[in-house]
Amino acid sequence: MKSGSNLEKILAKSIFAVTGELGPPRGADLDAIREKAKHLKGMVDSVNITDNQTAVVRMASWAASLIAIQECLEPNYQMVCRDRNRIAMQSDILGAYTLGIRNMLCLSGDHQMFGDHPYSKKVFDIDSMQLISMVRKMRDDGRFLNGQEITKPPRMFIGAAANPFGDPHEFRVFRLAKKIAAGADFIQTQCIYNMNRFREFMKQANDMGLTEKIYILAGVTPMKSLGMARYMQKNVPGMDVPEEVIKRIEGVDKKKQASEGIKMCCEQIEEFKEMKGIAGVHLMAIEWEHRVPEIVEQAKLLPRPNPKDLE
Amino acid sequence: MIIAKIKPLEEVQAMIKDFKRILNVGCAGCTAICLAGGQKEVETLNTKLAVSFKEEITSPLIEGFTVERQCEVQFLAELDPMVEDYDALLSMACGAGVQFLAERFPDMKVFPAVNTTFVGINRDIGWYEERCQCCGECVLAITGGICPVTMCAKVLFNGPCGGSQDGHCEVDKNIPCAWVNIYKRLKAQGRLEQILSVFPARDWKNQTQGTFVLEEYQDRYSYKDKEGSQK
Amino acid sequence: MTETTLRPIDVKKIQEMLTLKKSKMKVLLSFCAHCGLCAESCFLYRNHLDPKYVPAYKAINSLGKIYKKKGKVDREQLEEMKELIFKNCVLCGRCYCPLGIDIPSMISLARTICRSQGVFGVFPYAVGEP
Amino acid sequence: MGETHLYYFIRGPLLWIAFLVFVGGIVFRTVQFFKLTRKKDHLIYSPTKNHKERYGKTSDQERKMRFVVSLENSILGQHQAVAILTSFFHVLIFILPIFLLAHNLLLYESWNFSLWSFPESTGDKLTVLFLIVALFFLLRRLLLSKVRALSRTSDYFVWLITVTPFLTGFICYRQWFDYHTTLIIHILSGELMLIAIIFTKLGHMIFFFLARFFIGSEFSLSRGTRTW
């Protein structure tokens, strides 16, 4: 065991894993997190706590992660390179581990131009790839980035993101290989809507033998409405929403669009269960935490294994 | 003026060692003035490379050609008829010039021969000092003509910090403390009140690639060609 | 450095360079009305008010001269031009010709030709380099 | 009479030759221009997007000032006399020969067709104006050091070619000297001017329009679609 986290144990036992997502509030609002966490409890194996996603100021990811632990949820602590230099990153990792955080997702982060402080100074001292290898170095070598020894190294289960839909398509799988080489233990992908492209990506990854080295969690986001589908198609960078998806949502009555979105999402999950190289799903129900139980149930992912039984 | 420094010979050598015919392209703009990449430096570097390659069995052919400025298409066009004869181009211009050269000849392998260091001044022959970080929002009006973004190691807008001692920076005793100098100058000029109020957090606008068109010319370029957008 | 100064002028190379852009340069040179209206657009002329800074003068007496002699110039003549095109011009590209003649391209070609023969401007303060 | 023969020759075939060379010259220079230049590259990205937000807006006051400053920097602002006189000069050089009464009479005589024309006295006065402006340019060339430095013999020669038709036309109208000889010189020099347009610096007549409208530059009169 690298970290001994719940997620790691599940993945190691080849159980189809489910991870969720929880966005911290824009305020010192403890109840908001508890409310969101309530819906996710027992439904997912680990929950991603986003780090100022889309560059909008929110509660610190580590703080929200600790609250998640209090709520009996295993957090997957996200860290972006936009806001911290290597000193802050390493110190945050030490602190997070000390207080019981065991999973970590290393990301570059959205540019601040997308957020609420567009002209804040960016940091990007190191990039996501370098962050992954830094966390790995801290865990496996017990050393900081500069090579100095750590008295008690933090043992994180290292996650990374992959987007099979960005340009250039043929290079994406090589970038995945790079992340594996840097030391990632599991991958959570961007929201998948274009299944054809994703199948192609997975075939490439399987052919290159990458899936034997890493756990890939396929990212899914249920469409809430036609408007959301359209917005995702046009305005979200790196998102590939094919016209069929739009048509399918468009085809049903406005009141039923949400349930159609969930249905579509469950069909995807069914396919992922059978797909070679997929170790689980990452369910990003954006501001829809209360529908997660419904989705998880409909996708026949319940019951989730009890952490205590995994020992 | 952009100040650049020639890369170590070994580094340049390693970049071009696999090529048979190399054209070393100088730039008579900024890098010529800081004695890094003008015609003379092209000749010197070529001589040095020729000598160092001599010991190897197949030494490459290295020729030189200096254009007026590598950051202008008109001057780069002079290279059009010659580049075909070469396997690789070595550029002695600043980073902008190297990139523009590579853009002009997308099939050519282009290598930088200098490290672009900073925007600065010529203090004396061969002595250059950084003065500008091109942050895009000049505050020199308030700081008495001394740039806190460049000259202060902590980029403080409300300095000096507690580490300032005897007028030099806490990071390096050879660097003057920008804020001590700002204070002295403003005091001497009687406009100290400019730095008595809190300087609020500022916008860092140069964080995505910059492109700008003078307003007089915006009508010319505020369109996208249809064919172009399809590319 | 001394090696290049002693090198004889390579007329053939100059002629090659001239032919490459001949049609354009001939058009530009022949259509110059010698009106002198470009003078004030040159900041150097404005500072010095010496006809040697008039953009057209610089182009005609450098590139124009080389074309007139069909490339058969000697080092002395190139050295004479050197002052005109390297010192009297910074190639800022701001010369305004009412007829639309591209003066910078002419001076630039003249500079290129001079460079190819090892004649080029050295920044005055760089003379005392170690 | 040899003189009459000469007269008919220069009025007939030579005039045609001159016109042919003139038109051919325009066509040749235009084709040459388009061969020498090429189309500008397409813009793939819009360079002015998000521009104002990042680099700030220009105030109305500044915009107003900009007009004043650009006017000041133009030739009209720099050399008022030259700008005004050269405009007269170049307009007159076109319209005087075309709309002169005498020319139109000849046209009518030959082809039974004529254009609108100036009254006789206006034509005469405009010719005087033209000659005065031409004299101004000659004096400018002789007296201003910056222009003198640029001048060659050919410049004076071309000046002569340009002025002679107008001067001789003026003399013909007054019948000061031997009418026939001046007339022959008048026609000959006019034809010479037409032919000279393609071969001398007078070619700027064609080049001006091509360069100023097709090549984008600081002062170009359009966006400019071509580049050298």
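In this document, chain identifiers A, B, C and D correspond to the written order of the chains, with residue numbering beginning at 1 in each.
Convention: a contact is a pair of C-beta atoms (placed from the backbone, for glycine too) under 8 Å apart; a residue touches a chain by one contact, two chains touch by 3 or more.
Note that the structure is predicted; figures quoted are calculated from it, not measured.
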Problem - Set of chains adjacent to chain A and to chain B - result: none
Problem - Pair with more cross-chain C-beta pairs in contact, given C-D and B-D - result: C-D
Handout entry: Remotest chain, chain D as reference, centres from CA atoms
Key = A
Exercise for the section: Please indicate the chain closest to the centre of the assembly, with centres calculated from CA atoms only. Expected result: B
Practice task
Let me have the rounded angstrom distance from the C-alpha centre of chain B over to the C-alpha centre of chain C, please.
Solution key: 27
Handout entry: Inter-chain centre distance, chain B versus chain D - centres from mean C-alpha coordinates, in Å
Key = 47
Completion exercise
Rounded to the nearest Å, the gap separating the Cα centres of chain A and chain C is 63
Practice task
Name the residues of chain D that each touch 2 or more other chains.
Solution key: 228
Fill in the blank from the handout: Where chain B touches two or more other chains at once, the residues are 74, 205
Fill in the blank from the handout: Note: chain C residues in touch with at least two other chains are 105
Handout entry: Which pairs of chains touch, using the document's own definition
Key = A-B, B-C, B-D, C-D
Handout entry: chain A partner contacts - residues on chain B that touch it in the complex
Key = 202-205, 207-208
Problem - Sites on chain C touched by chain D in the complex - result: 23-24, 27, 30-37, 39-41, 45, 51-52, 54, 56-57, 60, 94, 96, 98-102, 105
Handout entry: Residue ranges of chain D in contact with chain C within the complex
Key = 32-33, 35-36, 73, 75, 78-79, 82, 141, 144-152, 155, 200-201, 203-204, 207-208, 210-212, 215, 217-220, 228
Handout entry: Complex contacts: residues of chain D adjacent to chain B
Key = 42-48, 51, 54-55, 58, 63, 66, 70, 216, 223-224, 228
Handout entry: Of all residues in chain B, those that touch chain C in their complex
Key = 28, 32-33, 35, 38-40, 43, 65-69, 72, 74-75, 78, 81, 122, 124-126
